[in-house]
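Each chain carries a letter (A, B and C) given by its place in the written order, and its residues are counted from 1.
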Amino acid sequence: MRAYATRRLLLAIPTLVIVTMLVFFSVRLIPGNVIDLMVSEMATASGMGEELDADYIRQQLGLDEAVHIQYFKWAGGLFRGEFGESLWTGRPILPDVIRRYPISIELGLIAIIISLTISVPVGIYSAIRQDTVLDYGGRTFAIGMLAMPNFWLATMVIVYPSIWFNWSPPIRYMPFTEDPMANIVMFIIPGFLMGTSMSGGSMRFLRTMFLEVLRQDYIRTAWAKGLQEHVIIFKHALRNASIPLITSMGPMVLMLFGGSVIMEQIFNLPGLGRYFLDALNTRDYPVVQIMNLIGAGSFVFVTVIIDLSYAWLDPRIVYR
Amino acid sequence: MADSFDGGVPGRRGPPAAGDSTATTEEAKGRHWLTDAAVRLVKEKPLGSVGAAIVLLLFITGIFADLSWVGLPDVGLAPYHYNEVNMKIRLAAPSLDHPLGGDHMGRDMLSRIIYGARISMFIGVFGTAISTTLSLLIGMTCGYLGGKFDLIVQRFVDAWISFPMLFIYLTVIAIIGGGMLQLVLVLGISSGIGASRGPRALVFWIKESAYVEAARAAGAPTSRILTRTLLPNIMPVIILGMSMGMGGMIMAEAGLSFLGFGLPPPTPSWGGMISGPGRVYMVQAPWMLLWPGVALSLVIYGINVFGDALRDLLDPRLRGGLGSYRGIPKKKLEAIRRKSGEQA
Amino acid sequence: MLEVKNLSTYFYVEDGELRAVDGLSYHVDKGEAVGLVGESACGKSVSALSLMRLVPYPPGVIMGGEVIFKGTDLLAISEDEIRTIRGGQITIVFQEPTTSLNPLFSIKTQISEALTLHRNMDSQAAADESVRLLKQVGIPDPERRVNNYPHHFSGGMQQRIMLAMALACNPELLIADEPTTSVDVTVQAQLLELIDNLRTEYGTAVIIITHNLGVIARYVDRVHVMYAGRLVEVAETRPLFAEPLHPYTAGLLSSVPRLDLPRERELYVIGGAPPNLARLPSGCAFHPRCQYTINRCREERPELEEVLEGRYSACFRSREMPELRKS
């Protein structure tokens, strides 16, 4: 077991290294004239005033020294928790990230819970009643969910109730500790929207996986033993399908990142997605870099956790 | 014996090569496999046919929005040019002249939606084309060469797919700016890298396949092995990838335009129409927000449903499959027995 | 104890209506060992699955007939009722033990399931009984190994575990579907001996499905030969081997390589290939491959008739067979 775990962790390292390199070198692609543009744009608008000039920007972006030296300096800095400073505000990035992380996590959690609550029962039901009206209904519903752009629905959700009921979602962020009810109200709508739009893809995937499991010989053996249908489904089939189910959580994390950018913007939540978008709009590249790093890094982290959980779920792996 | 090598791969449903012994029904022997698939689509998968119809509609609308590509910009499906301003219909409700209303700059919504179809079609087609080509290139090279090359490239691919796609799109667009060409390239290349794993896995599978070994032992030349094994198997993968990928591309472009990182106005991108003016004028002119969203939903829905049906048709392994051991309800059983009795 | 009357099971696939089982009738008495022989894809496995109503739908449908087990027609009773019989009174051992065991559950769990369901045991009693069953089928160190998972065992041992599971509830009838096909020869012999011993000890009737005539010869009292979904010959083992009355049976017997004949002799093969069950030949299903065909064979379909006492055959020329074979 330990061997498997260490091996899995070791495999993740080259991926992470390449991630950091990609993130770092993406900045180097910025055409020179863009830097000058940044200077003029930002000097006037940001709070940095005169200190902001081309050289300063270049230095902040790490473009002034030789490539490899800068890379190692930057990567080394990451280890020490030095995430650099925002070009826009001049403040260090790390505290901002830490402040905003919980918001995106809360949003993501709600989205995942809702997504699973919808997709698991519908997916399983669709699989065990394959090709019935309900199956087609379930699949149509799933595709419908993923076909409707969540930003469209979100926009409509914001405006139409304000026209009809004179109500709009709260604007000011309320931390959970201060006022749980207000907090939930604030997050539930974007979370719900994100969750439902994700549930479409999940449901189809689950259905396919479940069908695959139901086709196996050991399910036939279970029937031959005279077990009842619900035992076969919820004990045998579900257990075997849970492994691919957990696997699907990995890409879900990526979808959460993407979704959070949109949702936080529409619903005015001060999370990481919002931070990222604002940084993009102000060409605040140090922040953009760090956000990309967080996105990819989270995925790698989650994937490792998922792989390790296989060992717990599947006795065959431990044996190896 | 090398002549009778049919690729032997289970589940293939591609163009049957000459001398193919696996043609099923008598009728199918005479038909080209494309027509066969089309007929089966309509007969067996009504929902998929609806999807196909929607996709067809998208293409027709997109191509024939106007005929500027043959030098006739004033002829076409769109009643007005997408940028044609008529202040009288500013924020006007739907009417006979303007069935979908007018937007905040006095442009006909119907025409803008129609031209929007052209945009989505472009993005979908070209983005997918680039993506598919790239994925095949990378995937097959890695699969074929294997070894160190594969190892290194795969690490890169793994790192690439660790990024949330939207993040990549946004970052790159932020650097190089928006626009049709940039968008198509970014969407195409990004998804192509990730999609390379499919063809790569296929090539590995073929390399290890016993059928290929047998063919080699029988003396079949590599070219024949490739055409009989690789091609028929890669077709369903490609077709499916393309059909699903197209939906994703269109949605991605819509999202990017929504966030302001896609196609700049006045380009009639559906996503762009939803954000910006759509939101601002929602109260006064809700149709500005409604139609683009409906169009997007419809198109992506159709693409996905069509793609699903296509997959079911092309991959016989998934067709029918094994049902349940639950038992058949009495009424249904009797119906089946009666039907069989009548045929006998 | 078991009487199958006119059983028919069809599969609805791309090719059309596949008649896997077409009017099958036979019986099994208490404690008997009966064999079901035939080539691959002749419907023998499907017929066994049909007894227990384990035919997946889609694509399979049990079209008609009766399966009278201890006075009750199994095809007519409700789902709940057949469920109590499955795994308890009629059990089946499948061909591929590796895939037939759930990889994520321990052996103890999988055997106990049947015990708690049919014999109403509590978990401790079931656990103890599982150990005893493993010992009975010859798994060494059963107390420890009962907690292992399927992948910890070899193919032969997995098959024994399947057997243990099948016998856990003292069934009246055990169906062994190609019990030897996926294991090697030494294990084959052990398994069959095991089944035989358990049969005599518990009085369980056994239906052995196989294409291996050697298995039939030694372990079975009566043989049913199947071809294209129907029975073509039924006889007791000895007489069948001594004097087959159906050309197909004769062909099968001739195909067995023999050590007592000169090595240079060419191996005998029944010409042609098994028919497509969706498009059966006219008349007798075997006639395209039969060396004794006459015109009648092409036009009429022969029924299974009692040709001699206790011997049934579905061939118009059965009575002539002894003579025909000499020539």
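As a convention for this text, a residue touches a chain if its C-beta (ideal position, glycine included) is under 8 Å from a C-beta of that chain, and two chains touch if they have at least 3 such contacts.
The shown structure was predicted, so the numbers you read here are calculated from the model rather than taken from an experiment.
Relative to the centroid of all protein Cα atoms, the closest per-chain Cα centroid is that of B.
Two chains share more touching C-beta pairs than any other pair, namely A-B. Per-chain CA centroids place chain A at a distance of 24 Å from chain B. Chain centres here are Cα averages; for chain B and chain C they lie 48 Å apart. Each chain gets a centre from the mean of its Cα atoms; for chain A and chain C, those two points are 54 Å apart.
Chain C has residues 54, 56, 58 in contact with two or more other chains. Multi-chain contact residues of chain B, defined as those touching 2 or more other chains: 322-326.
Residue positions 131, 220, 223 of chain A are each in touch with at least two other chains. By the touch rule above, chain A contacts chain B in their complex via residues 14-16, 18-19, 22, 26, 29-31, 34, 128, 130-131, 136, 139-140, 143-144, 146-149, 151-153, 155-156, 159-160, 162-163, 211, 214-215, 219-220, 223, 229, 254-255, 257-258, 261-262, 265, 276-277, 280-281, 283, 288, 291-292, 295-297, 299-300, 303. For chain C in complex with chain A, the touching residues are 52, 54, 56, 58, 83-88, 91-92, 94, 96, 99-105, 113-114, 117-118, 149, 151-152, 162, 165. Residues 10, 12-17, 53-59, 61, 63-64, 79 of chain C are the ones touching chain B in the complex.
Per the touch definition, chain B reaches chain A in the complex via residues 47, 155-156, 158-160, 162-168, 170-172, 174-176, 247, 251, 254-255, 258-261, 271, 274-275, 278-279, 282-283, 286, 289, 292-293, 296-298, 300-301, 304-305, 308, 321-326.
Only residues 24-25, 316, 320, 322-328, 333, 336-337, 340, 343 of chain B touch chain C when the two sit together in their complex.
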